[in-house]
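This is the structure I want to talk about, given as C-alpha cells.
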Amino acid sequence: MCVEGNAVAVEVADALEAGAAPASQLIEDLVVANHILFDQGVVDAFGHISARHDANPDRFLLARNMAPGRVAADDIIEFTLDGDPVNASGRKVYLERFIHGEIYRRRPDVMAIVHSHSHSVVPLSVVKGMRLQAIFHMAGFVGQGAPVFEIRDAGGDSTDLLISSNHLGRALAECFDGHDIVLMRGHGSTVVGNSIRQAVYRAVYAELNARYQLQAMQLGEVTFLTEGESRTCIQNVEGQVQRPWDLWVEQARARRSASGR
Amino acid sequence: MCVEGNAVAVEVADALEAGAAPASQLIEDLVVANHILFDQGVVDAFGHISARHDANPDRFLLARNMAPGRVAADDIIEFTLDGDPVNASGRKVYLERFIHGEIYRRRPDVMAIVHSHSHSVVPLSVVKGMRLQAIFHMAGFVGQGAPVFEIRDAGGDSTDLLISSNHLGRALAECFDGHDIVLMRGHGSTVVGNSIRQAVYRAVYAELNARYQLQAMQLGEVTFLTEGESRTCIQNVEGQVQRPWDLWVEQARARRSASGR
Amino acid sequence: MCVEGNAVAVEVADALEAGAAPASQLIEDLVVANHILFDQGVVDAFGHISARHDANPDRFLLARNMAPGRVAADDIIEFTLDGDPVNASGRKVYLERFIHGEIYRRRPDVMAIVHSHSHSVVPLSVVKGMRLQAIFHMAGFVGQGAPVFEIRDAGGDSTDLLISSNHLGRALAECFDGHDIVLMRGHGSTVVGNSIRQAVYRAVYAELNARYQLQAMQLGEVTFLTEGESRTCIQNVEGQVQRPWDLWVEQARARRSASGR
Amino acid sequence: MCVEGNAVAVEVADALEAGAAPASQLIEDLVVANHILFDQGVVDAFGHISARHDANPDRFLLARNMAPGRVAADDIIEFTLDGDPVNASGRKVYLERFIHGEIYRRRPDVMAIVHSHSHSVVPLSVVKGMRLQAIFHMAGFVGQGAPVFEIRDAGGDSTDLLISSNHLGRALAECFDGHDIVLMRGHGSTVVGNSIRQAVYRAVYAELNARYQLQAMQLGEVTFLTEGESRTCIQNVEGQVQRPWDLWVEQARARRSASGR
C-alpha cells in the first residue's frame, strides 16, 4: 500500500470492497465540477476536487489521475479516509489524495474539497508575512487571514511540496480548524465546502480575492472585511450559490458540445 | 413585503398592477445589454442592469434573480421605485433591486443603471484614500473623483455589504448627487446613464479606467483629466456610443448563435 | 466643411473627385488589417488604420466611422491630406482623420498609420516623466524614448483629447520628426510604418513593449535597448513582418468564417 | 553557407545528405508541440522548438521559418549541429537555429529545446540584478537562479539580440552548464528537456514561474524553493508530464479541427 519512490501517479491495490453506490447525481455533479474548475481557470492539468460519499461518510470520491477538464463519470474512484482506493482496479490515482481523506476525517461538516494552484493564490503563498484575507463580499469565507501551510515544518526542507502521505495530510488538515481555506506555500491552496457547489464557488472566488488583494496592496493600506461582515457574507451571499452554478454548468456543457465531446 | 432573514434571492408578492407595457425595443435592448455586460467581463453570474420604464417614470425594469448572461425577454420584471415587483408572479427577484429604485427616485435624468463587481473596480474600492478618477478620454464621466460608498456608515460593521433595503438604497443614491459613478467599498460599483446604451458604455469603460489607474499609480504621479476635459469628453466621445453598441450586439448574437442558443 | 459643435461622427461633403482607384490588394490588406488590429486587442470599437493611396501620394484611405473589426471593402473612403473625403457620399467619417492626413503630409516615407488606445499604452501615457522605450528586440522601432503628445499645449486644457482639426493634427505630426511612435497623454498612441504590414506589426508590438515596461519598472532599474540595438532590430527583425502577418490573416479569416461572416 | 547581410529569414544551401529518417512519432510530437506552444501562449508568430534526431545525435529537427502554430509535418527540416540544413531544398530557415545546434553539442543529455519570448519572462530579463528562481513546485527545474545571457558580452552593443551565428550560439550554450533554462536580456528565454514533452512542459511552467515571481516580488520578500525542494520537484512532479501533454494535445486537435484545418 505504500507509495513507491518517485512515482507521482501511482498504482495502488484496492483496499476493501466498495459499499453502497453513491447517488448518480453526486457523480454527475462531481464530473461537471471538474469541468467547471478547468473552464474557470482554477485548475489546469493539475488540481482536483473530491466529494464525501453520500451513503458512507468514511469514504470519498475523486477522479483517477488525470486532467480535471477531461474527467468522465467512470473515472471517479471511491477511497477510504486513509486514501486507499476501493475500486481503482489498477487505475492510477492522485498522489495527493491524502489531502482529501485527512480533511474529511478532521472536519465532519466538510462535504467537498478543491485543491488547486490558481494563478493569484500561488504568488500570495510565497510572500513572507502575507495572508489571504476577505477583501470583498463574495469571499467572506476567506475570513480574517487564511493560514499558510509550510510543508517544511512537517516534511523538512527537501520535499516536492506535495501532500504525499497521511502524515502530511494530517498536518495540513490541522490548519482547517476554524478555517475553510488554507494556502500552501509555493504550491497553491485547498478550500472546503458543505457541498460540491459551495466548494467550487469558493475556489473560484478565492482566486478573485487573491487577485484583488495583490492589486490593492500595491497601492496602499487596504480595508478588509470585518469579522462580522465576513460572517454575514457567508450566510447571505453563499445562499446564492445556485446562480453561478447554473451558469457554469451551462457553459461547461456548451463548450464540450462545441468541441464534439 | 419585507425581506426575510437570510434569503438573498427572495420571493416577494406582487404589489400593484402593471400599467402600460414597455416598448418592445426597450425590453430587447435590456436583454442584449445583459448579454453584453457578461461578454465584456463587466458582470459574471452576479451584477445587474435596469432601465426606467418608458411609459411610467415611477417604474423600472430588471431581470428576475439570475445570471445576466442568460437573461431572456420573459425574465424581465417591472418594479415600483420602492423595489416591489408588479408582475413577478412568484419568481425570485434580486435582493439589491433597491439600488435601482432609489437612484431612479433621486435622479429623474437617469434612464438606466448598471451594478457590477468588475475586476479592477473592486481593488480600487478598498484602498484607503483612493478614488477612481478620469484617466482617459473614453471615461470623462468618471470625473474628478468618484465617491466611495462605505456601507458601515449607514448599515453598521456587520452587513453583507449588499444594498438590501430602501434605507441602504437611499444612502447609496445620495452619493449620486453630482456624480454618475459610485464605488462601493469591498463590493463593486454602480454607474448611471441617460439610456441603456450609455450605461453599458460607461460600465465597460469605468472598468478600463480603473485598470489603467491601478497600473499607472504604481509607476508614479498621474496626470488625470481636468474638469474641462472630462466635460468635453462626455459631450463628444459619448456621442459615439452607437459604435461600440453595434459591435457588442453583433458579438453577443454571434456568440449565442454559435452556442446554439 | 467645418465640423459642427459636438458631432463626433461627422458627415462631411465630398471635396473633390476621386482619381485613379487604389489597387484592390491595398484595399484588401487595409480591410484585413482592421480585423487583425481588433483580433489582437490593439483596438476595440475605437481606433483606426489608414494607408496612403498607392496611385496618388496626396490621398489616403480610411474606413468610414465604424468599429474596425466590422470593416468591409466598401467601407473604405478616400481622403485628401486635409482630411476631406472625396467619395464619402454622405457616410459618416472619423473625427480624427486629421491624424492621418497631417502625418502623411509631414512624413513622405510613411505609407500606413495606426491610431489606437491599447491597454498598456494608455497608463504609460499618463505617468509624469515616463517615456515608452524599446525594451525588447521586437520593438526596436520604439527607440530611445517615444514623445508624449500633450494636447493642452496646442488645444488648451478643456479639449476632448481628440485630434479633431488640422491644427491639432499638425501639432501631433510634428512629434513624428525622428520618431515612428508617439504617445498621446490620456488617449493612446499613433504609430507609422512603410507598409500596412509594418504599421500593424508595430502597433501589436508597441502594446507588448508597454506591457513589459509597466511590469519591469515596478521591480527595479531596467536595461533598455541601446540606440545601436534599436537600429539593428528594426533592420533585421522587421524584415520578418510577413511571418506574423500570414498568421494573423489566417486567424482573422478563420474567426470571421466561424462566426458566419 | 554564411548568412547574408540583413536577411533574417534566410535561404541556406543544403550541406549534406540526410541520413536515416526520424521516427514518424517524433515528427508528429514535434508538430503538435509547435501547436501547443502557440495555444498555451508561450510563442506567438515567433519562437521555435526543436528535437534531437532519434537516429543521429549529431542532427536535430526544426521547422522551416514560419509561425509555430501553423507547422505541419512536411515543414520539419533536418539540421547539422552547425545549423546547416540537410533537406531544406531552398526553404527559408530560422536565423536562430544556432541556439539549438550549439546546445545539443554542449549538452548530450538534451533531447528538445524551446526558445520563446513569453510574456512574463521578457520583463524579468531586463530588470538589473533580477534572476528567475523556482517559486513553486511545478517549476523546480528553474532552480536557484537562472542565468541571464547578455548578448553584449559576446556580440557588442549594437546587435539585433538574435543568436544569429555559431559564435553567439556557443556563448549562449555555455550558460546551460548546470542550468536547464537561461533568460536572454531583452529577448526571451531558452529551456531544455530530455524529451519534447518535458521541454514543452518546462516552457509553459517557466512562464508561470516568471508571472508569479513578478507579482510576489512587488509585495515583499519571497520564499523560493530550496535546492533540495527544486531537485525533489523535478524528480516527482515532472514525472507527471504525460498528464498535461494529453490535455494539450486534445486541445490542440480540437482547436484545429474546429477551425477546419
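Think of it as A, B, C and D in the order they're written, each chain with its own count starting at 1.
By our rule, a contact is a pair of C-beta atoms (placed from the backbone, for glycine too) under 8 Å apart; a residue touches a chain by one contact, two chains touch by 3 or more.
The model shown is predicted, which means the values in this text are computed figures rather than measured ones.
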Overlap of the chain A and chain D neighbour lists contains none
Any chain touching chain A and chain C at once appears in the list B, D
Taking shared numbers over all numbers used, above half giving same and below half different, the chain A and chain B interface sides are different
To bring the C-alpha trace of chain B onto its twin chain C, one rotates it, in degrees rounded to the nearest 5, by 90
Whole-Å distance, C-alpha centre of chain C to that of chain D, is 33
When centres are defined as mean Cα positions, the distance from chain B to chain D in whole Å is 47
Two or more other chains are touched by the chain C residues 218, 258
So, in the complex, the side of chain C touching chain D is made of residues 135-138, 140, 208, 211-213, 215-216, 218-226, 228-229, 231-233, 235-237, 239-240, 242-244, 246-248, 250, 254, 257-258
Interface with chain C, chain D side, in the complex: residues 6-9, 44-46, 65-67, 69-70, 95, 117, 119-120, 122-124, 126-130, 157-162, 164, 185-188, 214, 217-218, 258-260
